[in-house]
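In what follows, chain A forms one complex with chain B and a second complex with chain C.
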Partner chain A sequence: MLDLIQNTIDGVMIGGAYALLALGFTLTFGVMRRLNLAFGAIVLCGLYAGAAAHQALGWGLLGSIAATLAVAVAAGLYVERLCFRALAESASIAAMVSSFAIWMQLEEIAALLMPRRTYAYPALSEARPWEWAGLSLRPDQLAMAAVALGAMAALGWTLRRTRFGLAARAVATAPLAARLAGIEPARIGSAMFLLACGLGGLAGALIAAVDSQVTIKFGMWAMLKGLVAMTLGGIGSIPGAVIGGLALGVIESNAQWYLGAEWRDIVAYGLLFAVLYWRRGRERPWTNS
Partner chain B sequence: MLRVGDVVTAYGQLEALKGVSVAAESGKITCLLGPNGAGKTTLMMTVTGLLKPKRGSIAFEGQELVGLSPSEIVARGVALVPENRLVFPDMSVRENLEAGAYLRRKPAEIAADLDRMFERFPRLKERAGQSAGTLSGGEQQMLAVARALMSRPRLLLMDEPSLGLAPLIVEEIFRIVAELNRDGTSIFLVEQNAHMALKVAHHFYLIEQGRVTFSGSPGQLAEDEVIQRAYLGSKRG
Partner chain C sequence: MDFYLALLQVIGIHALIGLSAYVVILTGQVSLAQAGFFAIGAYVAGMLTVLAGWHLIPALLAAGLVAGAVAFLVGFPALRVKGLMLVVATTAFGEAVRLFFFNFDYQVAKGGVRVGPLGGEGFKQIRFFPENGYTTLDVLVFIWVVVGVVMALLWWMDRSRAGAVLRAVGEDELAAQAMGIDLTAVKVAAMTAGGVIAGFGGAIYAHYTTHIEHFNFGIVLATFAIAYPILGGLSTAFGTVVAVLFIQGLLIEGLRFLGDWRNLLFGALIVLAMNLRPHGLLDAATTLRLRRLFGRGGAGRDA
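Up next, the complex of A and B:
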């Protein structure tokens, strides 16, 4: 029982970051009806920039996170211009395939500029875990969960309370009516795309800071976690992305504990297929149902 | 006020509008009647900039609209209540109205207009916080009208507002149309319900298979014949 509680706590912590990754996909999917397959690579570029700033310039945690966010958004701007805006009128498959090509390109560039397998990233906190009644809580993981939660609250506020949020929800649910109200879906889509890249960068920075390092595989890893979490929560739903992220974290940490580390990902992907099969044809952008 | 001249709009090879010319006069209610597939919605989408015509001109208060984006056209004072209402189902009634005022920047004026809408449509006020998807068809139609009005249009276009509504609700919608017009909004209404439309129209057109086949005032053509042609098209041998 204690193990289950401990695993669930650990799972919720990492799940907060998964939720941000899932939101990165969901936000662009809702407004643009496109999957951005370069998402993981965009996050990777940001993380490498943060690691480089740490190593070469001696920047600390906040500086590295800022560099990560800035470069993730800049890489997002590049991808958006190249794959999404240029192909705005054409089939979404074309945008998806071209974003896949950009994924490879960005990863190659990152590997060329920084060829080592791993780079140090400033640690979130080096404080020792808190022990309480047989449970332990890592302060850095707690900080990660808190920041992720704060970012989600800010996103929720933006979507509910701002003119931009109103327009984005309008575009996601009734694009034709949105255009008739004078809202320009292309502009809202571009802004949302960059916001999603920023959130992805933040999620990546939190995870890298907990691990104190980043590897070239991070892009692929972030893509998979984000896609699985989004799918678990019901493709397209915003609250679903959050729930899917948390659920993925909890399921993974329990699978790892009870079945062994090698089962962590196998269970998660097995679940992904089960959910895809069970919910086939029922994805609805940005609704709560 | 609005002058559509010889407009041709096509979907690929299919010309849905084959040179349509209609006009809407300032302060009046103009109706366009015609059967399914005649091109009514296509004309509304062309005027609002959602479709680009292959040919022809659309002048609003002397300014050319062809080539402008939908948002530029809304900003100039033309708003459409779309076919099937298309409310934002997951947004509250109030948010739907706020979205209608998207291009306006003065919060105080928007708030005043919001109050005015709630005064005119008390049912919307009762349901202000409810999501629009839970409203009845008639309420959604009123919301769609109010949302379009929130952009402060000088010309209101309406695409089949009576579609799928019970007779009593249809009467209410047409009463609102007449009221809005009395308060100074010019209206261009597309309908299949010729009986109701002829009661409010100052001028009307018949459109069949992408061509205007009649233009005149109600009474110039027997209502039976208008109804016949608006539902079925004229029987040409």
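Up next, the complex of A and C:
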């Protein structure tokens, strides 16, 4: 029982970061109806920039996170202009293939500029884990979950309470009607895309800061986790992305503990398959959040 | 010379995985599971020739059958969903297959050496070609005979009723359903055919490299598989082969002189190609023009 509780705590902590990654996908998909395969590579570029700032310029945690966010958004702008803005709405698969090509390109740039396998990222906290009644809780993981929760609350507030959020929800619900009301779907789409890249960068920075390192494989990993978490919660739904992220974290940590590390991802994928089968892949309207 | 032969071998293998995705994409489904079927074909054929001592040709057929059977079984649940959800579901399947082989051990002692798949270390010494004295040219001919057979079958299918049915489902599911077409049956059939072709490709790949590892079959290969038919255009199966020539021949090998910077231009050129030709290099209009050029099929079929 104690193990189950401990695993669930650990899972919720990492699940917060998964939820942020899933939100990145959900925002782009909700407004643009397109899949951005370069998402993980965008996050990776940001993280490498953060690690470079830490190593070469000696920046601390906040500086590195700022560098990560800035470069992730810049890389996002590049992807958006090349793969999504340039291609007509009807060519959504062509946009996906283009984003795949840019994924390869961004990863190559990162590997060329910083050829080592791993780079140090400033740690979130050096504090020792708190122990209580046989359970332990890492302060840095708690901080990660708290920041993720704060970011999600800010996002929810933006979508509900600001004019930009209203316009974004209008575009997601009915692009044509939104256009008639004087909203430019393309501009809202770009802004949401960049916001999604920023969220992805934040999620990546939190995970890298907990691990105090970043590897070249992070991009692929982040993309898979984000996709799976988004789909688990129901594609297109913002609360769904959060629930999916938390659920993925809890399932993974329990599967790893009870079945062994090699089963962790297989269980997650099997569950995803089951959820898709059961839900028949119904899309939840993005705006009912 | 050997360099060009080896390049043509790679192109043949990639043509097979591209064609496997082409069949599925004809029905409007984007599947990232093709690398998984490719992996199954590679491991099945490798185990049959190395552990059971089969000849490559029956092993190839068996690999196609097993991969096709798995595609059939996966097709039923997976094809209940479509669009982005299918992309995610098939990605999950492909990754699950890769992880399965990452943990898969089945070793047998043969002639004092232990052979067979060994988890993360992969499956080494799949030496059917060298043991039977195949030269590079022989292997090349073998690969392209298989590609030729698959292309001929696809060409024949495209001219038959089956091709029309597949395209009808791809163009407009509702209209196809109204014509009495069973959508699930068509999609699962396309998925199964794609699985068989990918299984052939994997079987050849395993014997071509002689050493396979789980990470050969990841999401990158799966995405390449769907990039070929999309980039080549869905008018004919030739488009897929043209796209493989374009990517593997021109972009990857042709730009090799750029060294490490190759991938940067590679990405940019694919984006450029997709922007200039969103319906593929060989789109419907180009196909028609080519047909007229060769004086066939013009008026009656396309007018």
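Following the convention adopted for this analysis, the second predicted complex is superposed on the first by the 280 of 289 C-alpha atoms of A that agree within 3 Å, B and C clash if a C-alpha of one lies under 4 Å from a C-alpha of the other, contacts with A are read in each partner's own complex, and residues count from 1 in each chain.
Convention: a residue touches a chain if its C-beta (ideal position, glycine included) is under 8 Å from a C-beta of that chain, and two chains touch if they have at least 3 such contacts.
Everything numeric in this text was worked out from a predicted model, so none of it was measured.
J.: Give one of first, second, both or neither to describe whether A:L113 is in contact with chain B, with chain C, with both, or with none.
T.: Neither partner.
J.: Applying the document's definition of touch, where does A:R169 land relative to chain B and chain C: first, second, both, or neither?
T.: First partner only.
J.: I'd like to know which partner A:I5 touches here: chain B for first, chain C for second, both or neither.
T.: Neither chain B nor chain C is touched by A:I5.
J.: Would you check which partner chain A:I235 touches, where first means chain B only, second means chain C only, and both and neither mean what they say?
T.: In the superposition, A:I235 touches chain C alone.
J.: Looking at A:A178, would you say it contacts chain B, chain C, both, or neither? Reply first, second, both or neither.
T.: Touch status of A:A178: first partner only.
J.: Does the superposition put A:L57 against chain B (first), chain C (second), both, or neither?
T.: Neither partner.
J.: Is it chain B or chain C that touches the larger share of residues in chain A?
T.: Comparing chain B with chain C, the partner touching more chain A residues is C.
J.: Touch test for A:A146: chain B only (first), chain C only (second), both, or neither?
T.: neither
J.: Where on chain A do the contacts from chain B and from chain C line up?
T.: Common interface on chain A, chain B vs chain C: nothing in common.
J.: Given the complex with chain A, which residues does chain B contribute to the contact?
T.: Within the complex, chain B contacts chain A at residues 48, 50, 69-71, 74-75, 79-80, 82, 86-91, 95, 98-100, 102-103, 147-148, 151.
J.: Which stretch or stretches of chain A touch chain B in the complex?
T.: Per the stated touch rule, the residues are 163, 166-167, 169-170, 173-174, 176-184, 286-288.
J.: Which residues, counting only chain A, touch chain C once they are in their complex?
T.: Listed in rising order, the residues are 29, 35, 37, 82-83, 86-88, 90-91, 93-98, 100-109, 112, 220, 224, 227-228, 230-231, 235, 262, 265-266, 269-270, 272-273, 276-277, 280-281, 283.
J.: For the complex, which residues does chain C have touching chain A?
T.: Listed in rising order, the residues of chain C that touch chain A are 30, 77-78, 80-89, 91-93, 95-96, 99-100, 102-103, 218-220, 223, 226-227, 230-231, 260-261, 263-264, 266-268, 270-271, 274-275, 278-279.
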